[in-house]
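Below is the structure I would like to discuss, written out as structure tokens.
Each chain carries a letter (A, B, C and D) given by its place in the written order, and its residues are counted from 1.
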Amino acid sequence: PATRTLLISCPDRRGIVAAVSQCVLEAGGNILRSDQHTTDPLGGIFFMRLEFLYANAPADDDGFARCFAPVAERFAMDWRLVRTGEPKRMALFVSRLDHCFVDLLWRRQSGELPVKIPLVVSNHPDLEPVAAQYGLPYHYLAIDKTNQPAREAQMLNLLEGEVDFIVLARYMRVLSPQFVERYAGRIINIHHSFLPAFVGASPYERACERGVKVIGATAHYVTEELDAGPIIEQDVVRVNHRDQVADLKLKGRDIERVVLARAVKWHVEDRVLIYGNRTVVFV
Amino acid sequence: PATRTLLISCPDRRGIVAAVSQCVLEAGGNILRSDQHTTDPLGGIFFMRLEFLYANAPADDDGFARCFAPVAERFAMDWRLVRTGEPKRMALFVSRLDHCFVDLLWRRQSGELPVKIPLVVSNHPDLEPVAAQYGLPYHYLAIDKTNQPAREAQMLNLLEGEVDFIVLARYMRVLSPQFVERYAGRIINIHHSFLPAFVGASPYERACERGVKVIGATAHYVTEELDAGPIIEQDVVRVNHRDQVADLKLKGRDIERVVLARAVKWHVEDRVLIYGNRTVVFV
Amino acid sequence: PATRTLLISCPDRRGIVAAVSQCVLEAGGNILRSDQHTTDPLGGIFFMRLEFLYANAPADDDGFARCFAPVAERFAMDWRLVRTGEPKRMALFVSRLDHCFVDLLWRRQSGELPVKIPLVVSNHPDLEPVAAQYGLPYHYLAIDKTNQPAREAQMLNLLEGEVDFIVLARYMRVLSPQFVERYAGRIINIHHSFLPAFVGASPYERACERGVKVIGATAHYVTEELDAGPIIEQDVVRVNHRDQVADLKLKGRDIERVVLARAVKWHVEDRVLIYGNRTVVFV
Amino acid sequence: PATRTLLISCPDRRGIVAAVSQCVLEAGGNILRSDQHTTDPLGGIFFMRLEFLYANAPADDDGFARCFAPVAERFAMDWRLVRTGEPKRMALFVSRLDHCFVDLLWRRQSGELPVKIPLVVSNHPDLEPVAAQYGLPYHYLAIDKTNQPAREAQMLNLLEGEVDFIVLARYMRVLSPQFVERYAGRIINIHHSFLPAFVGASPYERACERGVKVIGATAHYVTEELDAGPIIEQDVVRVNHRDQVADLKLKGRDIERVVLARAVKWHVEDRVLIYGNRTVVFV
């Protein structure tokens, strides 16, 4: 069935829903689901995600566009229309730990994640066999303090035109602001703590030292400031005084992989809208 | 601010959202939030909850009605329009346990629950002091096997014209089908298990005997069949082999009161739509 | 039944359990439950909590003490022996928010918390009616920047000899290091975030601004450094982009009261041992 | 380090802990951790799990046995002493779904699960490639109504002397009582509901139909009665009215694999004791 997902954000005003839904109707579409959020009842920003189906008619994206273009202009909309379920192209960045990597590959293979993976990038050779097992090109680019700019240039070259977004699946290297800016809003990282607690290195060690009773994981879009970008998803697991750092790592990785998988899935399904340093997640 | 909540259910067809949002626009309203659910992309039932604000104009419910009446007829809608936040009238039925009772009274007093409580009904005298403390009329109606029909007639009399819905806050007596039918879809019960496990009496005892590792609570609308009505909300808490029945009861009541409070709140805020034996909960 | 709880901490060495359990046996006791934790298999600190019952004999605490005194000395133990279930005396400090206060009072009344409450202290008059309703003396001591030392002296006077521990049930005033030191390891605070995130003021506002998807609460022992003391218990609840600060506060208070109640219960039942800046919690 | 795990169950009497810990001491061991549970303070059953280390001496299991044998006899103990961390031999039974299978294999490979896997048994050929990838023998034994006894005889033959326990990782075939009895207390199954809700076939379909707001998974020991054996672990995940059966299956499998992994880990680490139809789980 010919289903479309429409994403909109614009200054809130009266009449947006009426105008948009009228265009869907005229193009022969039936709204399957719509979600809407306004940041403030008066003078806020309006966000909408709408799935519709060309039910009794051939898909008429041109007809929709003819109706929608002046509406979008009138309301000063940022918007995009995508074919629902169409695979997005995802680059995976990894280092040595394989739990998030293996989990994402398994979810893709099982049909849960509609993504293509044109390439895997790593600063370590360790996970090449895993990539090989799934038939994925693995680019090992060793990085040290001296060669990061050159390496990132190589990466950007590899990625250019090939991918829609990047997932840092426990990639343990900070990307430069220039790199981040090139893929603004399109790099998802999994951090192994419930942010904003334990920003930066060694969160499990610091969680153990602080004696917390709950640990967590956070998936967020990468921005220039470390671990400070818009949060997409978080979850936690209970720990206790018996748990050493090694135990926290074991418990934590079960949360990390699930939190990252949810975030990637929602991103791929166009459910996430960035708004300042926050996200609207329509699930 | 003059805010309205509109609830709609009807057979799904193209054009519903366009027609409804057009009426909101014409009546001078701005849609603050809308939630929509269709049970099946083709030929399902359409549910919608919509909050709108008469922002720059006086509230014009008549204008809205003039536009909306023919729309509602055309799409064969069940619908209602309510003033958002307007208190509903809630009867509380209790027995001996006070945790859900006290919790609801406290939430109302704190402003969290917009309800009026015209009366409390009980088959035991125990909780009269609590009702008195909050200035609520307490009707003690002892029930045994012989007098249930007469007692229920008395209750219906007390309730007639006074309440919008009934909450069974650990009221430990099964209501007759006649009583239930009179308030169909308007009686909320809290059951102390994660239904459908442990329907009926003594769920904690049976949970302990079965050796479960998780216990739960379920808020649902009451129907003729015991503990089988549409579920509004459920939640759980972990237990272990050390927990005796008394411990399960202590842990359980913390879940019961929260689950019931959420269900009551969502009911009062017109977020729950019944659909066969299930609910759509727009939160 | 004459049940005792024995708490021990000491440098770990071989033979501790054998020596302790031998004394229980000789005094006619039967061990109902024992929990043990060693921070490090080699050269760590040993913690033990042991419940025993003088089952077939009269309680013989003197007999136990005769056996145990040399054992405690040999192993350089910190220890205490208490009558299981004997109520402890708790001072409650409150400000304006009543949810934790009401919840603790209700739990005590229901028999869940074995505590006596000799007094309530507040820097606001607001909650006096609640205290009155439960028949508790309420000491309103307004504090400002100029009079804190004098007020704290008054408080210490009121508390002297009257209480075993203090609970800050959303008491929104920082106690001086002198005050804290006087009740070291005996002041429990509830902080309305998952520490170490959002230390200090306005955690819900900051959580909203940061766009977190989970909020939490933390019960901890108060130390000189703000919100940095040993954590007893934490828990969380999911939130989303629709939640404004007011919603976070509503959701959060359900977690706050449960987390604080668990921490108080465990403290009262002698289940918590402080160890550096962490806790061992035997539950 | 030479660490041992000792598991004991016996009728509760005074002096058990003293006698056991004395033997550990005499054999040169240091108790690292002990957990104890008594089903009833008076006349119940006593369970104990104890880890000790031969710290300053060579491992002296014979010395321990000399001391412990008469103790075990005196208190009528069921007991076993195992080398902590020694791998157990696990047979995996699978059908078509791979999520639990892949997860267990990955956990073993990552070092989290100390198990050997001598063989995989399946009634379908589908997962042979996965087994091959991990270098595991895969025995495909098609079963229908006519040949189950013969097939089970083959299975028992394959297993004889080769495995310590069996994990049914979404193996969708009911084993005969004779088979179950042969491996009593040593077959772990993952059921895709929170038992006792939705015993038997199609739990996700039935959960969807019932309109539950929480789904779960249960790991339990297999007994003659279907899905009625001692529960080791359970966990749940929230669902809502938008979730169709396919969504429940996706959400559910994330819970299934984690619940099964925990249960297998605890079994392998000798943390689970069966007691009637319940379990004591020392974690």
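Note that a residue touches a chain if its C-beta (ideal position, glycine included) is under 8 Å from a C-beta of that chain, and two chains touch if they have at least 3 such contacts.
Remember, predicted model here, so these are calculated numbers, not experimental data.
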Same vs different contact residues, chain C with chain D, by half of numbers used: same
Remotest chain, chain B as reference, centres from CA atoms: D
Interface with more contacting C-beta pairs, comparing A-B to B-D: B-D
Between chain B and chain D, centroid-to-centroid distance (C-alpha), Å: 41
Gap in Å, rounded to a whole number, between the CA centres of chain B and chain A: 36
In chain C, residues with contacts to at least two other chains: 33, 37, 242
Partner chain C, residues of chain D touching it in the complex: 1, 12-18, 21-22, 24-25, 28-38, 41-42, 53, 55-56
In the complex, chain B residues that touch chain C: 33, 98-99, 102, 106, 110, 112, 133, 242, 250, 254, 258
Contact footprint of chain A on chain C as seen in their complex: 37, 194-198, 210-214, 216, 230-236, 240-242, 275, 277-281
